[in-house]
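Sharing a structure with you now.
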Amino acid sequence: MSEIKKFLYVNRKAPYGTVYALESLEVVLIGAAFDQDVRLIFMDDGVFQIKKGQNAEASGMKNFSPTYNALGDYDVNQIYVEKESLEARGLTLDDLMDLTYEDEDDDWAEKKSIRLLSADEIRDLMEESDVVLSF
Amino acid sequence: MLHIVNKSPFEKDAFTSCMGHASSSSTVLLIEDGVFAALKGSAVADQLSKAKVVALQSDVAARGIEANLAEGIELVDYAGFVDLVTENRTVQSWV
Amino acid sequence: MKISIQVNEGPYQHQSSDSAYHFVKSALEKGHEIFRVFFYHDGVNNGTRLASPPQDDRNVQQRWSDLAKEHDLDLVICVAAAQRRGIVDDGEAERNGKDATNIMDGFRISGLGQLIEAGIQADRLVVFGD
Amino acid sequence: MSEIKKFLYVNRKAPYGTVYALESLEVVLIGAAFDQDVRLIFMDDGVFQIKKGQNAEASGMKNFSPTYNALGDYDVNQIYVEKESLEARGLTLDDLMDLTYEDEDDDWAEKKSIRLLSADEIRDLMEESDVVLSF
Amino acid sequence: MKISIQVNEGPYQHQSSDSAYHFVKSALEKGHEIFRVFFYHDGVNNGTRLASPPQDDRNVQQRWSDLAKEHDLDLVICVAAAQRRGIVDDGEAERNGKDATNIMDGFRISGLGQLIEAGIQADRLVVFGD
Amino acid sequence: MLHIVNKSPFEKDAFTSCMGHASSSSTVLLIEDGVFAALKGSAVADQLSKAKVVALQSDVAARGIEANLAEGIELVDYAGFVDLVTENRTVQSWV
């Protein structure tokens, strides 16, 4: 078998206006079955993908944001949000969904999946990745 | 006249270009990802005063940003969108 | 009032086609006349009958076709844009030697002059694009 | 017959990267047959559409820029370029193609089709239009 | 070296598919192996055989098909993205009750797992998109 | 690592975001409308010094901007593009 690779999903686009966010999430869910090291970055307009309180009913589109809550169950729990991107949009961490996972190495304690990073830390994350999928 | 902006002001130049070409008597309607221009405290919020800015309710709701809007942003539904089109002789989309 | 619509993007990839659909529906409900909906650029891809979107999502292409039937709408696909992208009716299939068609019921393929005419004849032209 | 309408084509996108510039030009050429009042604006990245010296051969795409030279023959000679857009891109009027037309009211003298306008003048042009087609 | 490619946009509307094509061609000429080309989002629209672009322009869809035959390339269209947009082969037509197909020779329809596998098995994955 | 930018820096945020996240040892390859970022004297030209910037020759030629490029911009053909991909362990497209 191949070695484990570091997969990085870079999400830079807002949901609904274009399909990239939805179809990116579909890749992440399928990819979770492959036993690789998976990280997600939400930066630039990508931070809107995990905004709290999305309600797409009147727009006639499908609200796929609840699916992000399921990421923890798929062992996708390394989720990084860029601080500078939130600030430029007048948002804080409190505006985002509370994404969590249960840590099997710590008696299944519920832990936060989201970590806030600076642009410099995001840069380092990109540099150490093997495969970068950008949406 | 009516200007329609459907792009995020953080990703594309459409909103900023529109506000730079809208007269103070014109109305700017934000739809789709354009509604992000109506966020309070954002890097583009100071441009909102250049014209009357209206946002499409259903696109604001889809993105969950009702509570994050700048003051004075009026919301309209699709019927209101149609009214804006018929009330204004000229309609320009900043696609 | 008479309103014409231009749709520049295909289904799902961009919200433009959704927005145009809801606008048209609302304008009709308010008693306005939709002179024509012109599909240009990737917008021509709204006119395929071969899509099968997920059951829990809207069916963008079918919805246009249903609305056209209900209100006798004129849904026009630009022939030049359609030829680049592979949207084909019987006439186009014969002219270009294609062995299949994919156009959806309720759409017709015609020239760019139909867009200009839509701008001249209607009181408003609203563009939905990217 | 209907009255003559002021058609305004607003070109804001660069050529080649996307198809909008090419397919917009196709609309203008067809539209020229309809005897309306036609104006073209090139602003923002649209100014690149009429950049001199385009050579698409190595890119495998079709160089459609020579077609802009034909606009004058179609009586499309009200072509406006935004000054601020050129400046932000490090360009001047000398970087653009020399688009001309023959003025039938002036003994077919060859005249320039392009006029340089400020953002404020572009705004006025938009306000006085009847139909705005944006690409 | 083994290289995989992802194409996210359809033909003509964006240059992405052109860029990916020229990259793949050049990589092959330099002796590299193209593990797979995965077409996602509107990229699935590269796989239609129904297009008839102008004679004086390149034929984006046909060019991919020809290159695939020449070099035995694996051109994979994402099934979920294809269902939303109406790209159909015999199997999909039968499963979804469609009366026609439009897939181009040289392309196959498969699942998203093929993209992940392309990322794992190849030394590099290069994304062409919008 | 190799960053690939295919968007105009005047229309979209991809180039500016890329330059804000590229280390000084990385290479930024401009393709498609991304080549406009290499123009001399433009509003974004001061960002070019943050990393090594290379542009795709055929996309520069298509747009007719060879004579308008900032100093120090290296041009590559598709073979050079392939080399950049194989020489760098990580490749990120700023789509």
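The letters A, B, C, D, E and F name the chains in turn, as written, and every chain counts its residues from 1.
Quick note on the criterion: contacts are C-beta pairs under 8 Å (C-beta built on N, C-alpha and C of every residue); 3 or more make two chains touch, one makes a residue touch a chain.
None of these values were measured; they are calculated from a predicted model.
What are the mutual neighbours of subunit D and subunit E in this structure?
The common neighbours are C, F.
Does A-C or A-E have the larger number of C-beta pairs in contact?
Ranking A-C and A-E by C-beta contacts puts A-E first.
Tell me which chain's centre, taken as the mean of its C-alpha atoms, is farthest from subunit F.
Result for max centroid distance from subunit F is chain C.
Please identify the chain with the largest separation between its CA centroid and the CA centroid of subunit A.
Checked the centroid distances; the maximum from subunit A is D.
Please compute the C-alpha centroid of subunit A, do the same for subunit B, then give the distance between them in whole Å.
The mean C-alpha positions of subunit A and subunit B differ by 28 Å.
Measuring centre to centre with CA averages, how many angstrom lie between subunit B and subunit F?
32
Any chance you could list the residues of subunit F touching two or more other chains?
Touching at least two other chains: 6, 10-11, 13, 32-33, 58, 77, 91, 93, 95.
Multi-chain contacts in subunit A: which residues touch at least two other chains?
As it turns out, subunit A has residues touching two or more other chains at 12, 16-19, 44, 59-61, 132, 134-135.
Which subunit E residues reach two or more other chains?
8, 12-13, 15, 22, 41, 54, 57, 80, 84, 125, 127, 129
For this structure, enumerate the chain pairs that meet the touch criterion.
Every pair of chains in contact is listed here: A-B, A-C, A-E, A-F, B-C, B-D, B-F, C-D, C-E, D-E, D-F, E-F.
Quick check on the complex: what are the subunit B residues that touch subunit C?
Residues 4, 6, 31-33, 58, 77-79, 81-83, 85-86, 91, 93, 95 of subunit B touch subunit C in their complex.
Considering only the defined contacts, which subunit C positions touch subunit E in the complex?
Residue positions touching the partner: 10-13, 41-42, 45, 48-54, 57, 61, 80, 83-88, 92-93, 96, 98, 100-102.
If you look only at subunit C, which of its residues touch subunit D in the complex?
Within the complex, subunit C touches subunit D at residues 6, 8, 40-41, 80-81, 84, 111-113, 115-117, 119-121, 125, 127, 129.
Under the touch definition given earlier, write down the residues of subunit A that touch subunit E in their complex.
For this pair, the touching residues of subunit A are 2, 5, 7, 19-20, 23, 26-27, 30-31, 33-34, 36, 131-135.
Once bound in the complex, which stretches of subunit A touch subunit B?
12-18, 44-45, 48, 51-61, 63, 65, 88-91, 95
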